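Both of the next two complexes hold chain A, though its partner changes from chain B to chain C.
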Partner chain A sequence: MLNALKDPLKYGYAVGRIKVRETKMLGTNRLERLVNAGDFGDQKRILAETDYGSFFQEAVTPEDVEKSLGDYLTVLYEFLEEIYPEKQILFYFISRYDFHNLKVLLKAKYGEKTGEQIWSELGTLEPESIKKGIKEGELEGIVEPYRSALEEAMSRFEESKDSQQIDIILDKALYELLYMIAKKQKNKFFIDYVRSSIDIVNLKVFMRAKNLNKEQEFVEDALLERGFVSKEKLILLYPESLDIFVKELKETPYAMMVRDSVEGQKFDLDIFDRKEDDFLVRYIKIAKYIPVGLEPLISYIMAKENEVKTLRIILIGKLSGLSAQTIKERVRVQYV
Partner chain B sequence: MAVLKVNPNRMELLNLRRRLAIAKRGHKLLKDKLDELMKQFLNKVRENQRLRKEIEEKLAKAYQIFAVARSESSAEIIEEALFYPHMTTSVKISEKRLMGIRVPEFEVEQEGTFDCYGLSTTPAVLDKALFLLNEVVPILIKLSEAEKAVELIAVEIEKTRRRVNALEHVLIPQLDETIVYINMKLDEAERENRTRLMKIKEMVSGGSV
Partner chain C sequence: MNETFLWLNGYQWTVLAASLSVIFGGIGSCIGITSAAKMSAGVLAEDPDKFGGLLVLSILPGTQGIYGFITGLLVVVFFGLLGGDGKSIVLAQGMRIFLGCLPVMIMCLISGIYQGVVSTAGVAMVAKRGETAGQGMILSALVETYAVLSLVVSLFLIMAAQAG
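Showing the complex of A and B:
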């Protein structure tokens, strides 16, 4: 069946629901008001006008804000599950919390700590069974792709005794999974999104590693596959000077992002996190003009995640006493 | 000032004179020590102030960047990132003698790197925050060393000053006065004796007449 016929049937309902919700997103103006608000109380009053209002009624401390935002995301993912029952898409969004939990469990095991306080509630894995499995080294009960990732991370840690290896292996497995999910959907927009985000992550790893004076082997290991800019190319550029790095990336969409980050012989990554998200939000903005299909659906969820992230920066930044100017520098471009 | 309770005889006088000479010499030495201690103290205080200022500036900056990193991603991610650090910092403590005072000396040894987390899923600004915080640690320990030294020197100064004061305002005047007192007593005894002798001589010569 042609996509033109298939898509409205498959995504019509879901896209209809999200189009209504899209109009309720915070938008740049409201975020600006939040940045300029005097204190957290004022911010809460502004949020009361939005669908975040009910989540923040009782919030006082940064921990409360974290909890409220977590609850908000839970409701968002439940909404996605309700309007679009294909588990794979939901899985795309929440698998990263599973990987986070796996990291926590592994580090807790090797560091002989509990780690319960930093467990994420948003994942799909059941804490008790998997905790026992990891503790005793019995991984049979754990589903793929978590199991193989865990096996690799465990053997790598036992060999090197380096906790960073756990993160590297699990991050790689996460992005491979995200790519596979997108590939299964056979949607170019989705696949390209994942590949772009892999590129950006690779650039971030590259620049951070360079700043931290990491060995070449580190980047060879930590860089992700599947990006548009090949891993091999980045590895070859690693020992080169920053000028050559910038020059080599001139033809890519990341040219500006990279060029602006160079400062002398180092990278200035103070606001790189914002640039990274801005790039991806600008990419998904195309989906606003696609009337029906997977694109507007996933873009909406991504846009909401971006909104939650921006909100976290504004609220926690304010509670931590950051100046409006510092916060403003980090407010992401919004989807709407 | 009270006069010491001693027998006013020549023996005591000699004794007291000796004590006075020692007290005066001790006083001079202690006073010199006090001056030197004050000099050291002021040096340390100046160093302290410089370190403290440096730390306050660095810490304020580090905390600000850390607050940014903290707001960039959820608390769980940041805590997970720092859950299993592989950098160790150890402090070797030895002693150094400064004007006879034993002051501690801290030597910081850091092993490994602070980046114990994955670089893909954590915010990039975290590196800078940790770099800045890591820079502060050795200075913080240096500051604690300087502050402890200042505290110990201050105690020593107080002790020395009390001694100097005791010598200057109590012992030396007491000895002085006692010496004067004994001198007067001895003179008095001398005069008394002379008078007595004169009287006896008068009586003897009068009686013979």
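Showing the complex of A and C:
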């Protein structure tokens, strides 16, 4: 009852703005047109009808597309920063880019191939000072919680010389931070979203480890706390067969995703990745029926991020000559 | 004449009745309108064409304040509070006037706030689809009913108190 009074006063303005913006999102129809477009030029013409248009005018190569999408997100976050009454929600999303950047830098420092991973401009960390700090091992200038996560990741790597340790430590720090941010907002929708995300990360760690026949100690170390499916349960299931694993998860919301990802005696992580995004988008759709509050604000950012992700798949897919059918298989469920 | 109940005599109870009717109706409307108008402002910042529908949705919770005002004004006029005749109101009559105003005081406070909640949801609806403004107004007006009913009963009770 009290929230029904407080929420419109606190979030009303921001929700009003994003509710209108939601109607301008790409939506399934337009995405389908983008998938079926003849070439990138046609796609640009379709995008010109939307607020993406101005970002793609000069784009030619896949690198340009990446940059345009990055710019689009930067402008989006600037807009949200201006209207959201609760900056912590934005920090939730931006801290993920910071942790991504830390991973990229650490792996570059230790000479690991980073593949397609590139520096994201969306983080809050100052690139030059961080780069220098990490290179020289001087972390004083870096703020918490990044600093302690970096320190631990670096010392763990130097002990084990295993670059996976960097991912494990930084992921743990990231999800702990995300959980704390959500918990502070005292919003069930938000907390449950984080816990579901943690479950999904755990399931991925589990599946990858199983595929590579890693030892149990690895799983015990890498799994995250605070998910709905407890860490202990997953550890207990690790030595069991895939059938038992699928059966044990039958009562959870992840049953379908896990079942569909089983391919013989292995897990197909490509399928799981796609289902994972679909699952989370379906979850945030609950917020569509909440007229005002924190929920629409959170789900708008998630929906936009998902839209950008989908757009990246479609545009880069088209540029690299994939068929419409192949691209369509990779396209995610959309919020609108 | 100088009989009192809870330290107030008949005249004072009458003044209290008129004041609280205006105050509580006003509070309900303020909260209701703020709730709907704040969200409308967000929608209008993006799409100024929706002003027509949003104005009506935002203004609907405002009627409760008017009902409180009508009630308060009638008490002032009926019982001669302006001219000084009101001083002669006995405690029994003052209490009847106060109790007669209770429906408006309570119902306008509560229904104003809740009408704001429904109007806010209506604003969210209009943000998505402009043509649903009419439906939003009807839903919001459903809450209005009970404020009107309380006004009618309060008016009758005040008239009964005046008739003696």
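Just so we're on the same page, the second predicted complex is superposed on the first by the 328 of 336 C-alpha atoms of A that agree within 3 Å, B and C clash if a C-alpha of one lies under 4 Å from a C-alpha of the other, contacts with A are read in each partner's own complex, and residues count from 1 in each chain.
Heads up, the rule we're going with is that contacts are C-beta pairs under 8 Å (C-beta built on N, C-alpha and C of every residue); 3 or more make two chains touch, one makes a residue touch a chain.
These numbers were taken from a predicted model, which means no experiment stands behind them.
Superposition model on chain A: chain B and chain C are shown accommodated side by side without a clash. Contact with neither chain B nor chain C is seen for A:89 once the two complexes are overlaid on the shared chain. When the shared chain is aligned, chain B comes close enough to touch A:162, but chain C does not. Ranking chain B and chain C by residues of chain A touched puts B first. In the overlay built on the shared chain, the residue A:14 is in contact with chain C alone; chain B does not reach it.
In the superposed model, A:22 makes contact with chain C only, not with chain B. When both complexes are overlaid on chain A, the residue A:182 reaches neither chain B nor chain C. In the superposition on chain A, A:104 contacts chain B only, with no contact to chain C. Here the vertex is the CA centre of chain A, and the angle it makes with the centres of chain B and chain C is 160 degrees, a multiple of 10.
Aligning both complexes on chain A leaves chain B and chain C separated at their closest CA atoms by 30 Å.
Shared interface residues of chain A, touching chain B in one complex and chain C in the other, do not exist.
On chain C, the positions that touch chain A within their shared complex are 31, 34-36, 38-47, 113, 116-117, 120-121, 123-125, 127-129. Those residues of chain A that touch chain B in the complex are listed here as 62-63, 66, 69-70, 96, 100, 103-104, 107-108, 110-111, 113, 115, 117-120, 162-164, 166-168, 170-171, 174-175, 201, 204-205, 207-209, 211-212, 222, 224, 269-273, 276, 309, 312-313, 315-317, 320-322, 326, 330.
Those residues of chain B that touch chain A in the shared complex are 64-65, 67-68, 70-77, 79-81, 83-86, 113, 115-121, 123-125, 127-128. Touching chain C in their complex are the following residues of chain A: 4-5, 8-9, 12-23, 83, 291-292.
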